[in-house]
Amino acid sequence: MDLFVQLLLNGLVAGSLYALVAVGFALIFAATRHFHIAHAAVFAAGGYFAYFLADLLPVGSAIAAAVLLSVVLGVLLVVFLYRPLERRGGAGFVLFLVSLGALIVIDNIFTVGLGARPARLDAGGWFSTTVDIGRWSLIAGQVALIVVAFVLFGGLVTLLARTRMGKLVQAFSGNPEFVQIVGRKPQVVLVVVYALGSLLAAVAGVYVAADTGMQPGLGETFFIVSVMAVIIGGIGSITGAFVAAMLLGLLENILLLVMGAEWTLAAIFVLFLVLITVSPEGLAKINLRRARASA
Amino acid sequence: MSTSVPDSGVAPAARPSSTPALLRLDGVHAEVAGQPVLRGITLDVAEGEFVAVLGHNGAGKSTLLRTVLGLVPVRRGQVRFSGDDITRSPTPQIVRKGVSLVPQQRGYFENLSVADNLAFGARTDGRIGLDEIYELFPILRERRGQLVGTMSGGQRQMVAISIALMSSPRLLMLDEPSVGLQPNLVARVMEVATQVNTEFGITVILVEQNIEKVLQVARRVVVINQGLVQLDEPVAEVTADHIWQLL
Amino acid sequence: AVVMTGCGTSSGSGGGSAAGGGGTGEGYACDADEVTIGGLWAQSGPQAAYGEWFANGTEMAVEHINADGGIGGRTQIRLQVEDTRALPEPAVVAFQGMVSDGIQYVLSSFSSQTLALAPIAANEEVVLINGGAQSDALGEQGPFLFNTIPLLRNESVALAEKLYEDGVQSAAIIYTSDDGGEAARENFEEAFTELGGEITGVESGEFGGTDFRSQLTKLRSTDPEVLLLGAFGQDSANIINQVREIGWDVPLANTSWVAIPAVLENPAAEGLRLTTIPFEPSEEFQQEYQQKYGEAPTSAFIGNYYDGVKIFAEAFEHVCDSGAETVSGAALADAIREIETFDSVYGSELTFEEGTASRPIDLAVIRGGAVTPVE
Amino acid sequence: MLLEVENVSKSFGGLQAVKNATFEVPEAQVTGLVGPNGAGKTTLFNMISGTIRADAGAIRYRDMEITGLTPQARIGRGIARSFQDVRLLPRLTVLENVVVGVQGQPGERLRNVFTRPRHAVRSEKENLRRAAECLDYVGMPVSVHHELAGGLSYGEQKLVSIARLLATGADLLLLDEPTSGLDEGSLDEFRTVLRRLIAEGRTVLLVEHNMLLVRELCDRAVFLSTGEVLAIDTPGRLMENEELRNVYFGA
Amino acid sequence: MSEYILSVATLIAIYAILSVSLSLLVGHTGIFSMAHAALFGVGAYTYAVLTVQFGWGPGPALIVALLAAALAGAVMAIPSLRVSGDYFLVASFALQVVAASVFENWTSVTGGTGGIPGIQRPTMGPLDFGDSTAFLGLAVGVAVLVVAVSLWIVRSPYGRMLHVVRDDEVVAATLGKPVRFAKVSITVLSGAFAGLAGVLYAQYLLYLSPGTFEVATSVSVITMVVLGGMTSVLGSVIGAAVIVLIPQGLRQLDIASSAAGPLEQVFFGLLLILLMFVRPQGLLGGSRRPAAARGDVGDAAKGATVHAA
C-alpha cells in the first residue's frame, strides 16, 4: 500500500509533465491542424535555454527568459515556416515534414552548442528539498511542477471558455478561411495559439532540465506520449488531453507493480491501440454524447 | 476544358453614373490552382445598387466575389473600394471597410453554436440585430445552442446569411444564398436582400442561377462568361430570353 | 579494384590520402609522409557526449606523436572521423568507405556498431580498436578486434566479489536498458548469486534523462543492503540524486564508469563504492588536457583512445622495423599480438589477453569528491 | 413495391431527426422526397443506403429486409445514391471516377491481379467502355475523360456523379438535391437524363427543393416535415395543400 | 567496384524496396504509417533469429520472415480500419514504439540491445552472395521485382479501388468497394515487401541491433516516399537513393570537427524544409500537383474543434 501511494504520487508528477506538453500540442493541433512535431524541440529549447542562461542570470530570471525565448521560437516557427507554406497550398504531410525538419535543425543546433552534454540546470537547493506528504514524499520541484501544471491548465481553460479570444480560437479551428471573411485576423490566432502552446511545453522543458537534465532525443519521447494523450482525450479537447495525460502518467507508474519499467511504455501503447480501435474518438466521444444530450 | 477566350471579349457597357463607384474592378485577372479564372474583369458598382451576377457553372462568379474580398490574389488589374485601392489588402482589412460575403460553401463555424456564430457578425452599430434575424429564421432562435455542424444543409445556409446580414456592411455579396433552402425561405431571403438594399442603402451583389428570380429583385444584371464580363445592363433593358441565349 | 576518386593518385604527397590503394592486401607505405587512421563514433544523437571523449583522447595522441616528428620521426598520422550516431548501419557504410580509402586501422566504440564492424574488419583485414564499449560479446570477435578497455564482465564480477568479501549479502539492481546497463546487470547478478548473495529486485529505465524514482521506490521496498547502479554518465548521476531525494539511504555501488565530475562533485554520491581501473595520467597530461578541453581528464575513455593511437604507432614501427615495406592491417594485428604489452597513458601497463586489455581493477569509494582507494 | 420504408426512426442525441417514417417507392417511377430544411431527408437517404443505422423500423427492397446490411451489400442488390455535396474523387480522372462505379470487377481482387491477369485486363477494357457510355449518356464529351475531376465546374461534377451512379447498374437511384446550384443549361441536361432513365425502367427517389422540377418529373411525392411523413400525393395536389403551403412552399 | 560503392548501392536497393512498399500505403491508400521500420524489423529479426539461433536454412527462414512481416502488417491494419489520418498516424507511432521495445527488451530472442551477430549470406548453387557484387545483384534484382509488381498493382483496377478508399471511404462503401479488405490486403502486401527488405538488410549488415528499427528509420522512409512523390512508385526509388546518398555526399565535404555530425543533421533538416517549400509534391510527383500537394494528415481532425471541455 505504501508503495502504491508513492507510485501514485510519482505518477502525478509524470502526468503533469505529459499534460503540459499534451495540452500545448492539443491546443495547437486542434486550432491549426498542424502536426507540429517541432513542439518537441520547443520543449527541449525551454530546458536548454534555461541551462545556458543560468550562467548569465539569476536562476529565476533565467527560467523566465528561457520560457519567453521558447515562446518566441514557437511563434517564429509558425510565422516563418508553417504560415508561408500554407499560403502556398501546403497542408498535412507537407507541414508535418517541415516541422520534422525544424525539429532536427533545432535539436542539433543545441547539440553543437552543448557538445551533447546533458544540460542539467541547477535550479537551487530548494528544488530537491524533500517535502513530506504523510508517510510519503516528493521533492519541492515536483510539487511545484504539479501546481504549475494545474494552474496553467486552469488558466488556459478559462481563457478559452470565457474570452472572445477563446471563441476566436475555436472559430479558427473550425473554418480558418471564414475567420477572415468575418473580418478577424488569422495571424493573431496563430500567434496566440503557438505562444500559449509553446509556453506550456517550455515550462515542462525547464523542469526536466532541472530534474534530470535535458538531452538530445528526450523531447521526442515526451512528445510521443503526449500526442497519445491528445488522441485518447479526443482531438480538440483540452480537458481530454489533460486528463488523459495524467492517466498515462499514473498508469505508467502503477504498471511498475506488475512489470519492469522496460515494458510499461509498450504496455501503455498496446492499451492505447486497443482503446482507439474500440473507441476511435477517444474520451471525447463520451463528452460529445453528453453535449448532444444536453443540447 | 476551357477554350481560351481572347482578352478583348465583349466590351462591358459603359456605365455613366452620377454617384461615385463604391466598388471598381479594373481589368482584374486572377488564377485558382494555377488556372486563369478571371481574365480581365472591369466592373463598377455604385453605392446603393443591387447587381445580380449570372453565369454558367465554372464561369468564375464565386472567384470574382472572393477576389474582391482578397481571398484570391489579383494577378493583374486593380480593385478599389470606396476610392481606396484594396487590390493587395488583407481580407480582414477589406471586411472592416464594410464588405461582407456569404460564401457558396461553409459560411459558418461548424464547431460553434448558432448564437456564437451570430456573434461573429454582430456590430454594435448594427442596423440588423438578433431580433430581426430570429424573426427572419425562427428556427435559429429555437436552435441557438445547437452546433451548426449538426444542422441540416438548409439550416446552415440560414446561419451563413444571418452572419453577413448582422455585420451591417456597405457592400453585401451573396453567393447563391438560396441553394438548398426550402422554397418559402428562398423567397424570404430575396425579400430581405431587397429590403436591406432599399431601407438601409446597402449595396448588394447577388450571384444566382435562377434567372427569373434574379430579374424580380435585381436592378442590374451582369453576366460572366469564361472569366469576362459578357453583358452588363439594367434589368429594364434585358429579358430572360435574352440572357438565356447568352448562357 | 576501382579506387575512389582522389585516392591513390597522390601517394606520398602529404595529401589526405597517402594511405593509398584500396581493399585488402596492400597497406600503408613505411616511407609515407602521412598515414590515415579512422575514428567511428557518435558525434550526434544521444551518445555524442561519449564520442567527444573518444575524440579528445584520440586527437591528443595524434598531436603528441606528430609533434614528435611522426612515427619513426617521419610519418605523420592523420585522423579521419565520421559520425555513426552509435548505430551499426552508418558505421558499416563509413567503415567500408574508410577501407576503400586504404585505411588499415580504425578506432570504434559502442557495442552494437563495433559488433557490426567486427566481421567486416576480419574479412577486410583491418584492425579495429574499441576503447569505449564493454559488452562481453566483444571478447569473441576474432583476431582483428582489440579492446583497450576491460569488458564489463571483468569489472562487474570484480565488483560482485569485492562487495561479497565485504560482507554484503543482498543487493538490488537499477540499470539503464542499453547494452552497457544490460551487461552490467547480467554480469553482476550472475556473479553475485553464484557467490551466494541475494538479488532482492531488478528494475530498469530508458537510457538518457529518465526519472527513476518510481523504480527506486519499488526497489526500496525489497530492502537490499546495497544498490547496484548499472548506469553511467548523467543517468548515473540522476539515479544517485533520486535515491537520496526519495529519502533512501542505501549504500550504492557501481563500476568505474560512474566516476565523472557530475557524480564526484555531488555530495549525494559520498560513500559510493566503485571498481576503478586506476586512470592516473601524468601531471603534464592532466594540465594539457585541462587547458585544451576545459575539464579534467577524469574519464578512462580518454586514456583508452589515447592508448589506441599509441598502439598503432608502436605496431607500425614494429612492422617496418622487421623489414617490411608496407604495413597492412594483418601485419598490424600480428604486431600487436607480438608486442603484447604496451605503455599506457594510465600510468600502468596495458596487456592484451585474447584481444582484450587486462588492466588492474581495484575497489574504491567516493569520499570528499574524490575516488579514494580502500584497503 | 421496389422499396418499402416502414416506421423508420432516427435520433441524434436528444433530437429526433426521423420519426416513424413510412412510405413506398414504386418501380419505374420518380418519387419525390420533399420537405423543409432539416426535415430529415438526407438522414433517410443515409439509412436507406446504409451509411447510418436506423434506430427502429424496417427497410425492405424487393420484399427483402435490408435494414441491417452494409452499404456494400446494398449496392450489390441494386441501391445506389448520390450525395448532397457531390463527392467526386477530385484526384482521379473523370473516366476513373465513373468506372469505379462498375460492380463486380475481377481486377479489383488482388488475387486476380496476379493469378488471372489476362481476365482482369479484358474485363477492364469492357468496364472502361461502359464508363465511357455512361459519360456519353449524361452528355459529357470524350475530351474531358482524362481530366482530373477536381478541375470540373460544379455543374459538370454533378453530371459526372450521375454517370457514376449509372455505372453501378443499380435499379434504385437515390438522388439528394442533384440540381441545386446547377445552371439552366445543366438543369436541362439533367431533365433529359432523368426522363431517359425512367423510360428504361429505373426507379428514382429524388430529394429536391425546386418544386417546378418536382412537379414536372415526379409521379408522386412524399412530404416530410420534422421527421414525419405528413402526406403522400401527386406533387400538384401537395402544392395545393394549404397546410404544406404554409410550412414549405410559401404563398 | 570498391566495397564502399557496392555497399552504398546495396543499401539504396534495400531502402528502395522499403520506400516503395510504404508508398503503396501512404501514397495510394492514404494510410500514413509511422510503423514501417517495425515491419522492416520483423522481417529482419525473424530471418536472423531463425538462421542464427535455430540454424534454419535461408530459404525457409525467408518464407517465414515474409509471413511474419505480412502478419505484422495485418495487425497494423486493425487500427486503420477504425481510424484514419492523424489518428492512424499516432496509432502507427505506438505500434512502432511497441515493436522497437520488443526488439530491444525481448533479450532471450533478439539479443536485446546487444543485437544478433553472426548472420550469414546465402549461397545459391554456384552463386555465393557472400561476394558483395553478387549480393548487390541480388538486392537490385529483388528491388526491380518489387517495383514492377507495385507498378502493376497501382495501375490495376485494384489500385484504382485503393485510390477511391484513400480519397473518400464513405463513397467507396456506397459504391460497393470492400473498404476493409482493401486496407488489410494492401497492408499485408506492403508488410511482406517491407519484410523482404528486412531480410536483405540482415543479410547485408550481417548483424542486427534494435537501433536500426526505431522511429527515426520510419521517419526517414517516409521522407524517401515524400521526397520522391507520394503517388509515384519510381519516385520512391529515387527518394531512397537521395536519402542514402546525402550523408555520403556530405562526407566528402570533410567537416573535421566534433560538430560535423550535428551539422550534417542540421543540413538534412534544412534540406527537408527547403524541399517542402520548393517542391512539396516530391521529385516525381509532377502532373497531379494541386491535389497531391494537399495530401492530408489533417483529415481525421475535420470538424474537430478546440473546446475546453
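Chains: A, B, C, D and E, in written order; residue numbering restarts at 1 for each.
Note that contacts are C-beta pairs under 8 Å (C-beta built on N, C-alpha and C of every residue); 3 or more make two chains touch, one makes a residue touch a chain.
Everything numeric in this text was worked out from a predicted model, so none of it was measured.
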* Farthest chain (mean CA position) relative to chain A -> D
* Structure fact -> Computed over C-alpha atoms, the centroid farthest from that of chain B is that of chain C
* Two chains sharing the most C-beta contacts -> A-E
* Asked: Roughly how far is chain A from chain C, going centre to centre by Cα mean, in whole Å?
  -> 37
* **Whole-Å gap separating chain A and chain D, where each centre is the average of the chain's CA atoms** => 47
* To do: Provide the C-alpha centroid distance between chain B and chain C, rounded to the nearest whole angstrom.
  => 75
* **Between chain A and chain E, centroid-to-centroid distance (C-alpha), Å** => 29
* Asked: What residues in chain B touch two or more of the other chains?
  -> 33, 110-112, 149-150
* Structure fact -> Touching at least 2 other chains, the residues of chain C are 44-45, 48, 51-52, 177
* Structure fact -> Note: chain E residues in touch with at least two other chains are 104-105, 258-259, 262, 265, 290, 303-305, 307
* Structure fact -> As the complex stands, chain C meets chain E at residues 1-4, 16, 22-23, 42-45, 48, 51-52, 55, 80-83, 85-90, 92-94, 96-97, 99-100, 111-112, 115-116, 118-120, 124, 135, 137, 141, 177-179, 182-183
* Mind pulling up the chain D residues that touch chain B in the complex? -> 12, 35-39, 42, 84, 143-144, 147, 151-156, 177, 180-186, 209, 211, 247-251
* Asked: Tell me, which parts of chain A touch chain C in their complex?
  -> 2-3, 6-7, 10-11, 13-14, 108, 111, 115-118, 120, 128, 130, 137, 139, 208, 211-218, 221, 253, 256-257, 260-262, 265
* Residues on chain E engaged by chain C in the complex (per definition of touch) -> 1-8, 11, 104-105, 107, 112-115, 117-118, 205-209, 211-212, 247-248, 251, 254, 256, 258-262, 264-265
* Could you please specify the touching residues of chain D with respect to chain E in the complex? => 49-51, 70-72, 75-76, 80-81, 83, 87, 89-92, 96, 99-101, 103, 105-110, 113, 120, 124, 127, 148, 150, 164, 168
